[in-house]
Amino acid sequence: MAKIGFIKLGNLGMSQVIDLVQDEIAAREGISVRVFGTGPKMGKDEAAATAELKNWGADFYVMISPNASAPGPTAAREIYKDVPCIIISDGPTKKEDREALEAAGFGFIIMTVDPLIGAKTEFLDPVEMASFNSDAMKVLSTCGVVRLIQEELDKVTTMVDEGKSGKDLELPHIVAKPEKCIERAGFINPYAKAKGLAALHMADMVAKINFPACFMMKEIEQVTLTTAAGHEMMRAAAQLAIEAREIEKANDSVFRQPHAKKGGRLMTKTKLYEKPQ
Amino acid sequence: MAKIGFIKLGNLGMSQVIDLVQDEIAAREGISVRVFGTGPKMGKDEAAATAELKNWGADFYVMISPNASAPGPTAAREIYKDVPCIIISDGPTKKEDREALEAAGFGFIIMTVDPLIGAKTEFLDPVEMASFNSDAMKVLSTCGVVRLIQEELDKVTTMVDEGKSGKDLELPHIVAKPEKCIERAGFINPYAKAKGLAALHMADMVAKINFPACFMMKEIEQVTLTTAAGHEMMRAAAQLAIEAREIEKANDSVFRQPHAKKGGRLMTKTKLYEKPQ
Amino acid sequence: MAKIGFIKLGNLGMSQVIDLVQDEIAAREGISVRVFGTGPKMGKDEAAATAELKNWGADFYVMISPNASAPGPTAAREIYKDVPCIIISDGPTKKEDREALEAAGFGFIIMTVDPLIGAKTEFLDPVEMASFNSDAMKVLSTCGVVRLIQEELDKVTTMVDEGKSGKDLELPHIVAKPEKCIERAGFINPYAKAKGLAALHMADMVAKINFPACFMMKEIEQVTLTTAAGHEMMRAAAQLAIEAREIEKANDSVFRQPHAKKGGRLMTKTKLYEKPQ
Amino acid sequence: MAKIGFIKLGNLGMSQVIDLVQDEIAAREGISVRVFGTGPKMGKDEAAATAELKNWGADFYVMISPNASAPGPTAAREIYKDVPCIIISDGPTKKEDREALEAAGFGFIIMTVDPLIGAKTEFLDPVEMASFNSDAMKVLSTCGVVRLIQEELDKVTTMVDEGKSGKDLELPHIVAKPEKCIERAGFINPYAKAKGLAALHMADMVAKINFPACFMMKEIEQVTLTTAAGHEMMRAAAQLAIEAREIEKANDSVFRQPHAKKGGRLMTKTKLYEKPQ
Amino acid sequence: MAKIGFIKLGNLGMSQVIDLVQDEIAAREGISVRVFGTGPKMGKDEAAATAELKNWGADFYVMISPNASAPGPTAAREIYKDVPCIIISDGPTKKEDREALEAAGFGFIIMTVDPLIGAKTEFLDPVEMASFNSDAMKVLSTCGVVRLIQEELDKVTTMVDEGKSGKDLELPHIVAKPEKCIERAGFINPYAKAKGLAALHMADMVAKINFPACFMMKEIEQVTLTTAAGHEMMRAAAQLAIEAREIEKANDSVFRQPHAKKGGRLMTKTKLYEKPQ
Amino acid sequence: MAKIGFIKLGNLGMSQVIDLVQDEIAAREGISVRVFGTGPKMGKDEAAATAELKNWGADFYVMISPNASAPGPTAAREIYKDVPCIIISDGPTKKEDREALEAAGFGFIIMTVDPLIGAKTEFLDPVEMASFNSDAMKVLSTCGVVRLIQEELDKVTTMVDEGKSGKDLELPHIVAKPEKCIERAGFINPYAKAKGLAALHMADMVAKINFPACFMMKEIEQVTLTTAAGHEMMRAAAQLAIEAREIEKANDSVFRQPHAKKGGRLMTKTKLYEKPQ
């Protein structure tokens, strides 16, 4: 029985499903999942509160938050530095910072493709927030990011199943750029893959549009126009991702990797009527 | 400071964002959120584990899971029956069962429109699961369900802010059918509203298609064709929801209700360049 | 020479083409068709008027109307009860009622997928009526219902050609649910088939939305919103059906069954440039 | 009580709904409709058979068929030349021929926009035929042709209601070109109107593509490519018509003209929640 | 080294890229291109000015303009009548006129499918003009016209490379109707080809709509509605062309013919990951 | 009479229409345009050849090419340094380089939004090249770039009309970033504007994808996947631009600025049936 603990500080697109991806039909034996989250906020109080899940004694932890270099996530890492813990975030984008993470014993998957939301009161309300997350998830799921996360977590889980623990667990150190993610998507048709790659690049770029709107702009018209443009780009990226998957459906070549109920082995299938093997 | 605790047993579409909807830009003062989740599973062990969050002493709890009548959620309710707790689920669909919940002191919001996923190893893998959740969230966000949840949680939060606690908190008792949800969506254009209503009816119907596939069918071709049809219907519903919102954008009449940073008051705006009031 | 008489009382989606489906290019030898219709109405006067076509002495009759249990169609059946006659309708949906039809010697094809229009003065005008019928026909044609009707009528026609008549003709007794219809559609790609199946389920559901609007609601806003939602669902179903066929076109795998001019034998082809065999 | 008799020889797009357009919800008092049709064929036998409906003694007749100059329709007109009768067809396109019709006492509405189907065994089967008719009906309904027919038939019906009969009825003499039809569509937005006009021109052009395929080409690849192109153009025209109506929906400006139940007066409304007046 | 001179009088859709199609990546050795253009106008002054490029002494010239029978192009041809010169235009559409061109020693490619723009001050501004040209280019590129032009110019270039010159160069004499162009498009899927053919027919028809608007109509509403309809048809044609290419992408069967850098030989490939041969 | 000379070295998206944007219906009096182009190439030979147009003695010149810092364009500028000349290009992107241009007396408009094509033999053939340029032009036309160019050229033309010449002409010095371009587009609806802005950002980003493919990658699969992704992003950007304009059409608020025939004054209109003023 592998025990996996998820700590969610604030929200990324991937936060929505990260605790689900290893057991998609909720029937996988030999795996136990617990999640502790702090909702939207990720300050020092929230960081301190995450200590709670440590008592559970998971075989390994996954800590997901925006901007892993921010004070909250940094404080939370202090708590988890002596247990196996994988940091999943949209940054740090600097190599030195990532090397420091690795040196401190953490695994990491830095997804520059998890898009920064247009978090301004003038634009974002709960509906727009949820709708944007839907678009983000369409790209993350279809274009390889969900599978990359799932495969990497499954690898560590397999090590646990094999009896490894603590420092013997080899944690991933991955910068999930568009070119890397798309290879995990399993597209058979090359144009579907190209569409998926373009969608990832667009998701990547959303941050470049929304960042100044979130942190620098003040004027209402500029703020709302810019964040709206960022969300339109995310919408367009989702649409490209949908197109890409439709091509694979049209060719009956959707690559699927469900987990076996017993043991959680990854099975594969591509034709819809085919049994997973 | 209102303390709100979310317990997530298994996964519904709404589970993805429910702890975020009251504080969409992570800047609302006077609100504190903690989440305890059990990942995909919702059995008796998971139910027992939820006791952990009770120690936090939230002003009220929100327990979200599929099928609230299942043994796990039922067991979890035993733990939370003496504190203010709102059950959010896609069932029970029988009136007597909901009356029993209310009699036991629970609030509830039963969303028949949160669609049942096609949870069969032959069809569902992590990518398909996440992609389906994206489609579900598109309908839930755009067609009024997210706002209904947010408004109802905000109402209880306001009571807390006003000094009420425990049994004095009036908890919601709502069956969130399509006709009820759509009224919360804030559509100005009546055809956008009609599209949104149709999308909710389709989301509602997905369960009717996926239920026999999940629990009765055995034959590979029948299982995969049926779940694929359920997911296609969800995809079509998402597309209708997108169309509906595009109409409001084209009229610059998207209704938005962001929370004020101070005090969390719901502000409103409809024109993009307008300041929320 | 097979003589086939069509009696149309009121209008179903299928009524638009039912007398054409056995002779699509108007060149099939050995078949003669006459139609008597009563326009939109299907009351007792209209029922009485249908007696006229009986004089023609068709080898068999096809009586199509909405709701076969209504007084008009019931009265019309009295007239045709002693000749071979197939009832085509969207009801009765109760098994006993259908067994009674069969016991009385009638054949039947009950298509729950032929959608109920939003027949309210507040919403429906001639243009909306015709536009809705176009959407209905897109689903009926592409998703197997037209072919089911055509094949069943052809079977009886073949018996006539073989010299059978009157009670010796074996008439069909079919409840055309989505799962049954889709098998006749001839889709090669399984996702196209799943889209078609979803479209049929949606067509099926339109009645559930429009029924209360047609017969129970009074208030103008509720009536128009609900019927508009019903018609939006039909539009979305048509769009799914179109998508399904586009997939088959993209694979050059559209299944076609034209009638041979001589003898009316059903030929088949799938590649566009292929000769029907 | 106005009695209106419809004679259908062969099939046009408009044939599908022509007997329904004056009584769209089947509740108009003071109007009685009978239809006699001959299915797909329109030869001399079929023409002779139409005599049957003359006995009914309608106040006026409407005879619809492809190519009114063909022998069948010409023979049928001989039967109806002494009663008020309106010819509805896609030809004759020559002015002299139409003048001869008028001189013989017939009314006419010649719709060049009712598209010629690709009637070749190599391409057309019952499904393709019905699907094409769906596309045709989308353009005919949305772009003014259905309303033109309905208004013109209503005018004559009004004369009957006023006590006129026989030669005193003024019958319409209209060549329904794209420019004329579009004026009846009631579009408020000028770009919607332009899209509708383009759709009508495309429907008009389908005949120019399908005519040589139907009557001159022999080679399988040329026949199927050409008819497929004709049907693709019809599909594209339907899509433009859909877009046009979506624009009006987005502006809540869909013009509707339902018939009053009592007396059949044409009421109008444009906003969805508005009562027809 | 082949020297090719392009003379552009006024603007056709094809004018935008005609000097680029033989050297798409600007790396073909052995070819030298010069262009002289007169901007939008094509009067006598402009015609006279084209003499300038004659001094360059190209191996052959390509003169492209709308309506080759207009006075400007006619005058320009006088200048180039004694050197090898290919006329590319949307007319003359009369056979005699084209025979006269040939008799005078000119080559020609008459593209009736290069659409006439809605050139009225009341409708066209620089943005609409450029946007229309984008739609035109989408059809011209995807549906075979660009390739036809390129192949024909390459043929003459090859003759030059083989040492031919002046009157020994065999110039093309082609009327580029839809049926001819589509054969050059290289579609593998027959429905993609049918869509492309329909798009070409629509482009062809744009002139029939825009011509009266450009030269006969005066009234503002009629002029703007008609030109808008012409441009909507062009937009719809572009969309069909896009659909056609998407089908080929979905099948990984896009036919490509790049020029080899050395010698400019036409290589071919169809699978995306395949090397051109 | 203002004389404007265009020098085209190699090809940008904007090159296709730049000589047409001041006289869109080819009827503006008082303006004379000549173009000298070198086709796809822009080396030293081509640069030298551009001297030819200098003899014409234009009032001012416009030199358009990719990468103005490349040797060819640099050499061509030497020829035109003593006459009024505006450089239009996608670079230099460094401020110092642009300041040097200005110091040397040149005007410039640097459009980072004119996208770099995927110029590799393994991917690009004449059809793909032309199709990409169509997508580029859709964004450039609809999202403000064409109008920016046109307005700036018109400003200089007006100075010429006012009697200024040579160094007295004030030439533009503009870096046409997405935020600047979109302000020229004239969108009324803010979501249309946001879509247009997103499209421009995507066009901007195409270069970042295609640059390594054009100049660094070698491996066939990587080259073709990357350039295909770049072209997919351009296609998606075009689609967003189309959506943006469709919104304005749906609101009958398309901003148009045609030139008056006499004097070339810019008139404006927004409603389709309105006369330009």
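A, B, C, D, E and F label the chains in the order they appear, each numbered from 1.
The rule is short, and it goes like this: contacts are C-beta pairs under 8 Å (C-beta built on N, C-alpha and C of every residue); 3 or more make two chains touch, one makes a residue touch a chain.
Values in this document were obtained by computation on a predicted structure and should not be read as measured data.
Peer 1: Check every other chain and keep only those touching both chain D and chain E; list them.
Peer 2: The shared contacts of chain D and chain E, listed by label, come to C, F.
Peer 1: For the interfaces C-D and A-C, which has the higher count of C-beta pairs in contact?
Peer 2: Looking at contacts between chains, C-D has the larger number.
Peer 1: Specify, for the interface formed by the sequence copies chain A and chain B, whether it is same or different in terms of residue numbers shared by both sides, with half as the dividing line.
Peer 2: Both copies touch with mostly the same residues.
Peer 1: Hey, how far is the Cα centre of chain B from the one of chain F, in Å?
Peer 2: Averaging C-alpha atoms per chain gives centres 49 Å apart.
Peer 1: Centroid from C-alpha atoms only, then distance chain B to chain C, rounded to Å. What do you get?
Peer 2: Spacing between the chain centres: roughly 40 Å.
Peer 1: Find every residue in chain F that makes contact with two or more other chains and list them.
Peer 2: 190-191, 194, 224-225, 228, 250-251, 272-273
Peer 1: For this entry, which pairs of chains touch?
Peer 2: Going through each pair of chains, those in contact are A-B, A-C, A-E, A-F, B-C, B-D, B-F, C-D, C-E, D-E, D-F, E-F.
Peer 1: Would you pull the chain B residues touching chain F in the complex into a rising list?
Peer 2: 249-252, 254, 271-273
Peer 1: Taking the touch rule as given, give the residues of chain C at its contact with chain A in the complex, in rising order.
Peer 2: Those in contact with chain A are residues 189-192, 194, 247, 250-251.
Peer 1: Could you list, by residue number, the parts of chain A that touch chain F in their complex?
Peer 2: Touch residues, chain A against chain F: 190-191, 193-195, 197-198, 201-202, 205, 209, 224-226, 228-233, 236-237, 239-240.
Peer 1: Please output the residues of chain F touching chain E within their complex, sorted ascending.
Peer 2: Of all residues in chain F, those touching chain E are 4, 6, 8, 10-11, 16-17, 19-28, 32-42, 45, 49, 52, 119-131, 133-135, 137-138, 140-142, 146-147, 150, 220-221, 224-225, 228, 235, 238, 242, 245, 256-261, 267, 269, 272-276.
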